[in-house]
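Think of it as A, B, C, D, E and F in the order they're written, each chain with its own count starting at 1.
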Amino acid sequence: MPNPFFQPVSGFELPRFAGIPTFMRLPHVPLDDPRLAEVEIGLIGVPWDSGTTNRPGPRHGPRALRDASTMIRAENGATGVRPYEMVNCADLGDVAPNPADIADTMDRITSFYCKVLDAGIMPLTAGGDHLTSLPVLRAIAAEGPVGMVHFDSHTDLYHSYFGGTMYTHGTPFRRAVEEGLLEPERVVQIGIRGTAYDSEDRDFATSVGIRVIPIEEFHARGVDQVMAEAREIVGDGPTYVSYDIDFIDPAFAPGTGTPEVGGPNSYQALQVVRALRGLNVVAADMVEVSPPFDLGGATSYLGTSVMFELLCVMAEAISDPMKR
Amino acid sequence: MPNPFFQPVSGFELPRFAGIPTFMRLPHVPLDDPRLAEVEIGLIGVPWDSGTTNRPGPRHGPRALRDASTMIRAENGATGVRPYEMVNCADLGDVAPNPADIADTMDRITSFYCKVLDAGIMPLTAGGDHLTSLPVLRAIAAEGPVGMVHFDSHTDLYHSYFGGTMYTHGTPFRRAVEEGLLEPERVVQIGIRGTAYDSEDRDFATSVGIRVIPIEEFHARGVDQVMAEAREIVGDGPTYVSYDIDFIDPAFAPGTGTPEVGGPNSYQALQVVRALRGLNVVAADMVEVSPPFDLGGATSYLGTSVMFELLCVMAEAISDPMKR
Amino acid sequence: MPNPFFQPVSGFELPRFAGIPTFMRLPHVPLDDPRLAEVEIGLIGVPWDSGTTNRPGPRHGPRALRDASTMIRAENGATGVRPYEMVNCADLGDVAPNPADIADTMDRITSFYCKVLDAGIMPLTAGGDHLTSLPVLRAIAAEGPVGMVHFDSHTDLYHSYFGGTMYTHGTPFRRAVEEGLLEPERVVQIGIRGTAYDSEDRDFATSVGIRVIPIEEFHARGVDQVMAEAREIVGDGPTYVSYDIDFIDPAFAPGTGTPEVGGPNSYQALQVVRALRGLNVVAADMVEVSPPFDLGGATSYLGTSVMFELLCVMAEAISDPMKR
Amino acid sequence: MPNPFFQPVSGFELPRFAGIPTFMRLPHVPLDDPRLAEVEIGLIGVPWDSGTTNRPGPRHGPRALRDASTMIRAENGATGVRPYEMVNCADLGDVAPNPADIADTMDRITSFYCKVLDAGIMPLTAGGDHLTSLPVLRAIAAEGPVGMVHFDSHTDLYHSYFGGTMYTHGTPFRRAVEEGLLEPERVVQIGIRGTAYDSEDRDFATSVGIRVIPIEEFHARGVDQVMAEAREIVGDGPTYVSYDIDFIDPAFAPGTGTPEVGGPNSYQALQVVRALRGLNVVAADMVEVSPPFDLGGATSYLGTSVMFELLCVMAEAISDPMKR
Amino acid sequence: MPNPFFQPVSGFELPRFAGIPTFMRLPHVPLDDPRLAEVEIGLIGVPWDSGTTNRPGPRHGPRALRDASTMIRAENGATGVRPYEMVNCADLGDVAPNPADIADTMDRITSFYCKVLDAGIMPLTAGGDHLTSLPVLRAIAAEGPVGMVHFDSHTDLYHSYFGGTMYTHGTPFRRAVEEGLLEPERVVQIGIRGTAYDSEDRDFATSVGIRVIPIEEFHARGVDQVMAEAREIVGDGPTYVSYDIDFIDPAFAPGTGTPEVGGPNSYQALQVVRALRGLNVVAADMVEVSPPFDLGGATSYLGTSVMFELLCVMAEAISDPMKR
Amino acid sequence: MPNPFFQPVSGFELPRFAGIPTFMRLPHVPLDDPRLAEVEIGLIGVPWDSGTTNRPGPRHGPRALRDASTMIRAENGATGVRPYEMVNCADLGDVAPNPADIADTMDRITSFYCKVLDAGIMPLTAGGDHLTSLPVLRAIAAEGPVGMVHFDSHTDLYHSYFGGTMYTHGTPFRRAVEEGLLEPERVVQIGIRGTAYDSEDRDFATSVGIRVIPIEEFHARGVDQVMAEAREIVGDGPTYVSYDIDFIDPAFAPGTGTPEVGGPNSYQALQVVRALRGLNVVAADMVEVSPPFDLGGATSYLGTSVMFELLCVMAEAISDPMKR
């Protein structure tokens, strides 16, 4: 029976353009709120892009995603899932970044997520650039490495940039493997494409056992086959889902800093998440939404639509773990 | 032999960016014009969005559609149809709405369309939000209910909004069924998707026999199969075609108030209309084009391209009714 | 001594692009919140534009104004006023409008404001189109008519539109005078300009004693003289301030539905509010900000800057009524 | 008594966003229309920019100006003039340009304007780039040279471009002087500014007696003094008014191909036209409005506002020539 | 072994948003540069759109394409080709057009390309409107006609416009056939669609043996089959590749003057170029990118991505001609 | 006599939309170019915004300023100065920043400017955010502190942000004073406005003798008086000019991260620079131009127009130091 406190405001009561925009029109429950203990899935913003090597902007992502999320209703039209009747969801607010200090911000993020996890809450993150995933994973994988389904046009497995800079949005998963946060053989990267500096990233993937599915293979085999393989790779173990909006073709998601043409369409963008139903998903993120490059807001809206699909998968994972 | 008066101005004579923009560069023939009696298909604007529960803007639709329509030439490149050589077409101007009075505007629309029908003219409407279809149907179905092929991402079959408001752009077809304007078993809704408040609308569809084809089924079966079924549903009877621009994926048609991601692409958007050839189409509309959200004008241009396809189907229905 | 609960979040702690956007980064205190009684100035959104006769959009105003308001810091750079250390301010949320029913929405607004006033809170409104001011005034003037300083390019004193429609954004102050909500001789309208249908509105103003200061006079006499006269007109009595963003030239405030060229610049836009210091201001509004026409967000930012100036004037009026 | 046929449609009857957009919502009277003989002022579009040496776009000017002009009402708010009650005004449509042939297009324009003048109609032109003024002047000055008040940030008096090309938007008035269309001593150019290639243009002005008033002088002396001098220069003789939208500062009029910063504001933009009242104005143009660079439409709206001021001056010149 | 001088600047050294933008971050080698002789592929801008009959803008194409091209890295992610290690590539700068003289500009272009060819350089052109291809072909086919693979939504085979104007962007290939620059039976046009004036262009194609593949056939048969036929048509002979950006659906490439809906997506846009590997490509162009209509820059980025694919095909054609 | 190598390309030869965009169309002379020794004024880009605490984007500034600068011609229209005939000017390219490491980037900048100064070149910088000025001043003031005329809406004199972060775009001049790079009594800050966190920055200014001229004083006294005082403050000593684009009102310069309404217009923006003629200017910068927030490019164009004014002042300072 749904907890009335944790229900989103209906558009039938308050039109969707109205009201202070929280994620999905859910209640705002800061970490010091007495009802925090009741929350099961927490939506968290990480407004941060200091790791961006190219065009900045994802620091504005959480606010734009919250705004667009007021367009999302309570029921998943494709799967019929009504997540808010299954688990208590809330907007936990934003991590306070320090835009001028990368190391400080990473510590702040990890610390925030440790509190969230300590409270027994499964986090769904709205970034932020892709470096965000590293400090989040440091909290998630505190007890041991996790698997990962990673949707992206880039591997983000580079060693370093600009003559030795180790922490950028092009390196998070290299660091995560090095730090033992990911089980490489339980990691699959889907949609990789675009021009490349060289093959250093993919060589690293091969060397540690990460499976890279380039976009040519994705288009040739189709969503069903690719996702079946992805499910096999991550298996039953705890799995992180990292969704870079630039996985999607820039005609559908123009608002991102490093777009790559030739990607999936918006329907495939949703299908790949629905194909995660039943996995042991322990946390997820949506990153690299960059509102300054998102004339018209299409990217935020698609990003938040994908977030709702992730939320549904997570709600099912919590409410019916046996089905996994 | 084409009537020279009713021919669109050629871009070879007057460049397409020039001239006062009427629909398809056709002559403007107001209802009091002596040549009204010669018109066979009338293009009509309904600049109205007072039924919009979400983001407004379709009141600006007719002007933007007229502007974009000056890019459309005289021959259908796919089917070879040259409608202006088959029937006399004209721009009948706009219905004058009362933006601050919904009931008054509905009366004005119905009255306008009754005059059009009395003159023996088949109307092709440029809305306007989807509530527009209701007062139009009141004129169209004055003699009896009609069937409908309805392209949309929403059913628009809700009972009411905001605690009992009966006339919004989310309720027109509920009202139309209640008022006996539509034969429910001859109604098919194609492309339904997105998150839902609840299933009240689809339950109603089921209860009265309306066939709802969700987007998942559309993508899985393909245009040909889906449209074959749609043709069977409406059969030979008089059929209204209602085309909400949000049927199309927002990457192709961003300029609309309630977009839903994961829809058809622009080629499919045209294909579904071409698949209506030979049906007993008695009127059609293109609604929910919202220029304030249409940066760059892509939506108006796609909307007007679809209108031309509808026009070709209607011209064939008139000029060669035996082939239906 | 400032109440720590009612302080806006500092940009030194949480960067200004971060966090859920409430007005001025103040706490959200809904009408049923136990701390409502402590609030002295309440910022309220009225996301509504059903009275708009021209280009719609102000229903999106409150959200955009909240978003832009996170750029505003705690101290007035020109006057040195630090309002949050003088009075308790809070974001009271939005009135829930019914976009498809004007009469219903007006009732909802008046009812909301009556509760606010009953709680002893002075309201600062973010509209909404200008019809918003009418139901607000019905609450404000419940005990007797008030004076008004009205910044606008239009008088909004027309009798009716579209053949007799009485409630539109072009008629609120005609109705307010008729209903006895305004003392006409204590009303001054500043900045009136643009082309006119006819002089019916200004004739009415003259007939009831409203002082209209057209833009030509404003530019010729300057802010100081004009505002001195305005202060004299409203005197010591309770005074409403209504600020239509289209008072300002559209180069500075493009995001509005009925712009008129040749208006004041942004500095004058602030100066006129600072000139209200010491008046007996009992409530104020900022209306007609239309985000769909506000590419780049300049209008929302200027609108929220003006709101902060209004807030400072109101805070002084409360904290030091003797100085008035 | 106003001729009802030539009245613009009121926004009280048909909202201003509705209807097929003609200039000022006036009737469309093509050159072959039987009522042409009744027209006294004709608004004409010249959608042409083949003379543009920099960023193109003014070919889209007439349509955008027509669209924006539907926002203009019937009475001048500053002067009280109601032009449509003084003279018969109509939209004469567009000259059909040949975008790929400059000489051909110039002939088409001159020919069109000769017909207009032969019908006794005073033309008000919506360009088009500034080369438009040359073929118009060829018609206007057929009987003898005219004076000119020229608002612009450029003199457009260059000899040639690109190694000898004589007909561009930087040369029209050099040609006009050479062809004897202008009386140089009755020509004043106001607002000249920006960086320069060299002083060849201003040297030519000096050599033939054209008065150039640079923007520094304009700002230092003010509108009243500058316009008094301008009136003296053109005196009582027949006078052409050429208004390049780039006269106005680009913050107010961004949509133009060669903007120059530091110009007049929108109020001054209107004042300078009002200062022409009583002159013997025989024709006028508004040129260089470039919609592709006019995000948001501010330039078209300001351009059309200036056109209405020009129209009022022309209407007074016709209806009350004694007052000149 | 790659020549270090001709290597693009890596984004690892200089971030991709930094630096003066040359094509692909290659060195700028003007025609009078001593290192011109070393260049094997020259990227050339032709900033020209005077042949445009509809919406202008492609004169801004080369600069926008250069800007976007700084996002392209050194390795083709799909084919693995690293062109700069195979052949010396350079940015040869822009041809200086005369925007106000079509004939003069065509001569300037042909002259520029003759010098490039004389230096033994294979040219890759960034237009410019499609008339650009004609003067380029005059240089390319100086020794004899070539075949052509032409991606476009229009045939550009019309005889003339506006009553006899022979040189527009709708006529280049009609002229090229007439002038003996193309072997018609070795010409294939792919993607043709949209409404048509009449069938004059396609009748001409048929009469001379040009193969036109309309979009319906493209979508029905798929990229592989269509491109196999295209390869057969052009065979082993010298082949020009002309790529009009409006080949691609406007959702992916909005920034063009005459878009036609219902086209290929961005992945197909790349695939068709990759299918040219091994052909005897002697030159290529990317035309009709129109930045004023490219809000957000998606078109320039996709255009430059296609140019990189063309560059890879050309590099392979040079470095390994046996494989062709 | 002007050195032909260092002349900008004329728009009469190569249209201004054509060509690879260097600053002012000057030759690109990298630091290792043999002609570096001949350069007297070097225009340098610093594409960097890692010190931005609010909305990022200035890393894209140099490219956008270069692009817009191709609109600037060779002669100052107001002062008649032709700088390229007085001194050799060149585009020295960009400093390569490390977007993910503030300290590293500051070192790179200082090192680059030391080389420039060693070559006897006076630098004119295009930022970048305002932290850019600090590492530049470290090079400029290597031999001793300098005075500064600082145009801005913020003092940038804060001690630290986010709990102790010392290097942000809000602190550069605090650091510069602490490091002995500026003589505080020879520093004047003009245009300060907007809301404030507190008065810590202005208290510091007072304590060290920096003169702060708030915008209210600027508007009340006028450009002439304010600049006369500024000239007195800096006197004859070596003077740095730092021009933050947010000095200008956001209607004229929207493209910046922390706009403040109520500022100077574009004419005043130029006037204040012209008032610096004859001062001992040793270097200057234009910072905080943020292209992602600059829809339409107005800010870049105004920024580059101001840069040209700065360049003219610097050219006069070099070529005629006696006149200072």
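Criterion: contacts are C-beta pairs under 8 Å (C-beta built on N, C-alpha and C of every residue); 3 or more make two chains touch, one makes a residue touch a chain.
Just so we're clear, the structure is a prediction, and the values are computed from it rather than from any experiment.
Between chain C and chain E, the least number of touching-chain steps is 2. Of all the chains, the one whose CA centre sits at the greatest distance from that of chain C is E.
When the contact pairs of D-F are matched by residue number against B-D, D-E or C-F, over half are shared only with C-F. On a Cα centroid basis, the chain most remote from chain D in this structure is A. With centres defined as mean CA coordinates, chain D is found 39 Å away from chain C.
Counting partner chains per residue, chain A shows two or more touched chains at residues 13, 15, 17, 53, 55, 59-60, 99, 161-163, 251, 265, 293, 295. Pairwise chain contacts present here: A-B, A-C, A-E, A-F, B-C, B-D, B-E, C-D, C-F, D-E, D-F, E-F [touch as defined]. Listed in rising order, the residues of chain E touching chain A in the complex are 10-13, 15-17, 71-78, 251-252, 265-267, 269-270, 295-296, 298, 301-302, 305, 308. Residues 53-55, 161-163, 192-199, 214-216, 219, 249-251, 254, 258-259, 261-263, 265, 293, 295 of chain E are the ones that touch chain B when the two sit in their complex. Residues 13-15, 17-22, 28, 45, 47, 59-60, 62-63, 66-67, 91, 93-94, 96-97, 99 of chain C are the ones that touch chain A when the two sit in their complex.
The part of chain F that touches chain A in the complex is made up of residues 49-53, 55-57, 59-60, 98-102, 104, 161-163, 165, 167-168, 292-293.
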